[in-house]
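Chains: A, B, C and D, in written order; residue numbering restarts at 1 for each.
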Amino acid sequence: MADGWLRNAVVEAIGTMALVFVTVMVLGVSGLATPAALAYGFIVAALVASLGHISGGHFNPAITLAMLLARKIDVLGAAAYWVAQFAGGAVGALVVMLSTSEESVAAGTTRVNEEVVSIGGAIALEALATFILVLVVFGTVLDERSPVSVYPFAIGGAIIAGNAGLLQVTGGALNPARGFGPAVVSGEWDGLAAWLAGPLIGAALAWVLYQFVISDRQPSKPDFPEPVPPPPGPSLLP
Amino acid sequence: MADGWLRNAVVEAIGTMALVFVTVMVLGVSGLATPAALAYGFIVAALVASLGHISGGHFNPAITLAMLLARKIDVLGAAAYWVAQFAGGAVGALVVMLSTSEESVAAGTTRVNEEVVSIGGAIALEALATFILVLVVFGTVLDERSPVSVYPFAIGGAIIAGNAGLLQVTGGALNPARGFGPAVVSGEWDGLAAWLAGPLIGAALAWVLYQFVISDRQPSKPDFPEPVPPPPGPSLLP
Amino acid sequence: MADGWLRNAVVEAIGTMALVFVTVMVLGVSGLATPAALAYGFIVAALVASLGHISGGHFNPAITLAMLLARKIDVLGAAAYWVAQFAGGAVGALVVMLSTSEESVAAGTTRVNEEVVSIGGAIALEALATFILVLVVFGTVLDERSPVSVYPFAIGGAIIAGNAGLLQVTGGALNPARGFGPAVVSGEWDGLAAWLAGPLIGAALAWVLYQFVISDRQPSKPDFPEPVPPPPGPSLLP
Amino acid sequence: MADGWLRNAVVEAIGTMALVFVTVMVLGVSGLATPAALAYGFIVAALVASLGHISGGHFNPAITLAMLLARKIDVLGAAAYWVAQFAGGAVGALVVMLSTSEESVAAGTTRVNEEVVSIGGAIALEALATFILVLVVFGTVLDERSPVSVYPFAIGGAIIAGNAGLLQVTGGALNPARGFGPAVVSGEWDGLAAWLAGPLIGAALAWVLYQFVISDRQPSKPDFPEPVPPPPGPSLLP
């Protein structure tokens, strides 16, 4: 039996929990999530692939909180990111309102389906889905042993799965800025607790697990948003 | 005619069999599988990308069985993984029950559609889909000649295809822990034979094929869950 | 607080704006976009992966405009690309007409849904979606710090997301040649302003942002369509 | 204006043609293709990622024809592959019949929708979609300048797009073995011309274009199915 078997078993339990959680949610509750989940997951993958090496590619106050806890960004930097993220979310929803209508924005606001879930349950579900998302971010972005260049699509995949599972239940924000933008434009704040508290709690719990259970043998890395030299690998294109 | 042509022809036959099997199943029997299959495949891809370098990224008792047969994990380690996987699956379903309802978990339990398939047929279908999944794991994770960093999404792709094909027939578990979690929470055990025996049989058959036909020229690698040094490639992110 | 925090905050704001924009559009307005968006995104990913190292993999006059502004192609080369792209788009639609019918081509023409959006709004939406697409191209193709080999699927992901969001609103061309081909074959020119002006404006704005805000520390690279030696990485296949 | 501008313009025209062709087909004719196209594309991606370095990962008589024309496989080897591929396709459909019913196989057989397309049109459409698929194979598998490790998903992406576009029209086989397997089991041979002649013609045309226009500056590589040493890159997993 190899060293670290208990840590490995914890990882196996978490991973299996995640896949059963997601598949049961999709089949048991949500069913119409395909284009929304794919659009959300693929845009985040594309943005992380193209801009992640510049700012870190958070685009999500919960991920910034996790990076702050992990000391990959300082408090002032995190505050600047949070302002930028909430402002960016509001502008994204504002463009939809100005070009189409306020009803479109209201229909695109994340809200809790109270026939299916209580507020406490919605916070727990958003926390669990974001916990999985932040574990994926830590495991692919901060862990040097992860396979090369997979992090944009691993993060996008965690969003596709989590959003598909939660869309008809909590809205599937997994990100306070995703909830805030359309809410501030449409005035629909019903889902506030779910999209604000849930992701922040999930991100903090993911940091606790990663810091104290998973990463015990890992070397430290420099702060997250520092500039890096070009990688030594093959150049991408002419 | 190159050396190894018979082995290569076996590989071509298996691959072509797999793609015809999957496409005929989807078109002929299942038709509504998109969000469920995508969520299942992408969450496994994300988990394997982020946690695979820590525990091996099985999250599936059938894959652990295959790795035990391939001597990449020892018996005690495999037993610990199995306990962790079944416990994780149960927790995943329990969270859904506590936050929504037992009916949601029942609706998300994998079950056999007996209008379409017999129990024996369901076991055979789960076995074949898991056989393909485990071949993909062996070919991308254990085989050093595979392309770099593709294994998370290759494994996720095998799950998307297999689940899309089987969802309306056997439930498309491809994984005993995927079947066990919601069954133990909801008390619906109808699909037990399909999701338990099918994947274990398929995984064992995949190991037989890989061991005795496909991998004859392959160098041995160290045990699966050992720690590895950071890869020498380009560092991923700041 | 790290150097470049203002640039990083701009990047975070843009990224968060993009994801809220896309998810609100899909949920609020479009809902049936899955197969069309996936086909569009995956064919572009496949073409960029297979032909991008030969011609640069634009396949889009708006991307050629952005590369001309970025001095990665000269004016004559860009003119040749534009002629090729519009001609290729027309041939693609002509094949559909000759093998099926003119009605099929008319049904596949991008058009503005005037119940949902004004012409000005449609131009703005196409401009914003193409702005995000060109940012992704710049960030993954021109920026040497981006992760290895992700650019085909990052670009495809930006198209899946943008097209899924806009399909029922502006048609979701994100590319003047995508609009031109079926329009010239079917004679349906209603969406002209949206698919022609929108993407060109968005591409120019993406270049402005990239040139003056994002790329300030980046080393220059040679002209875009020059031949390159084989990469030093592992050879792909036998 | 860079050298090779005419070749580059041809590439741009082909690529733009491909994307307009696919998007117009999906929107204009097919609309329900999502789970079938995803399952087909992702299973091929997974198989090519896991078994491509062993047999070459054809799984398609049309690709074997293209590799024979490109002298990457000899005639006897190609004949063995063809027998294996047609036999594998038949076994895949046979498993579906034995575990479910002959009607399931009949429903999964590729057939031509004669309300929408003539036989000649169906052959042309299958030829064009397979032409694009084989271009992607050549450009990512044989061309050493392509990005690292993208070929499985580029090939899968070409299949998702082509199948989504053609599913309701010609069946979207893009592969004679995909057509043959369910046809020989169910006895439904109506689509024979489309799924047999179309892909073979398309593959031969792709070879002509690649050989005489695209690949003029490319160094030769050894025969396709030869064994290769492990790549020097980072080892994948423990």
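Heads up, the rule we're going with is that a residue touches a chain if its C-beta (ideal position, glycine included) is under 8 Å from a C-beta of that chain, and two chains touch if they have at least 3 such contacts.
The structure presented is a predicted model; accordingly, all values stated were derived computationally and were not measured.
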How would the subunit B/subunit D interface be labelled, same or different, where same requires over half of its residue numbers to be shared? different
Please state the rotation angle, between 0 and 180 degrees and to the nearest 5, that superposes the Cα atoms of subunit A on subunit C. 90
Where the centres are mean C-alpha positions, what is the separation of subunit C from subunit D, in Å? 25
How far is the middle of subunit A from the middle of subunit D, if each middle is the mean of its Cα atoms, in Å? 35
Considering subunit B alone, which of its residues make contact with at least two other chains? 34, 38, 52-53, 56-57, 147-149, 151, 153, 156, 223, 225-228, 231, 233-234, 236
Within their complex, state which residues of subunit D touch subunit C. 1-34, 37-38, 41, 52-53, 56-57, 116-118, 120-122, 124-125, 128, 132, 135-141, 143-151, 153-158, 160-162, 164-165, 169, 214, 217, 219, 222-228, 231-233
Across the complex, what residues on subunit B touch subunit A? 34-36, 38-40, 42-47, 49-60, 73-74, 76-77, 80-81, 83-93, 95-96, 98-101, 103-109, 148-149, 151-153, 156, 175, 177-178, 181-182, 223, 225-231, 233-238
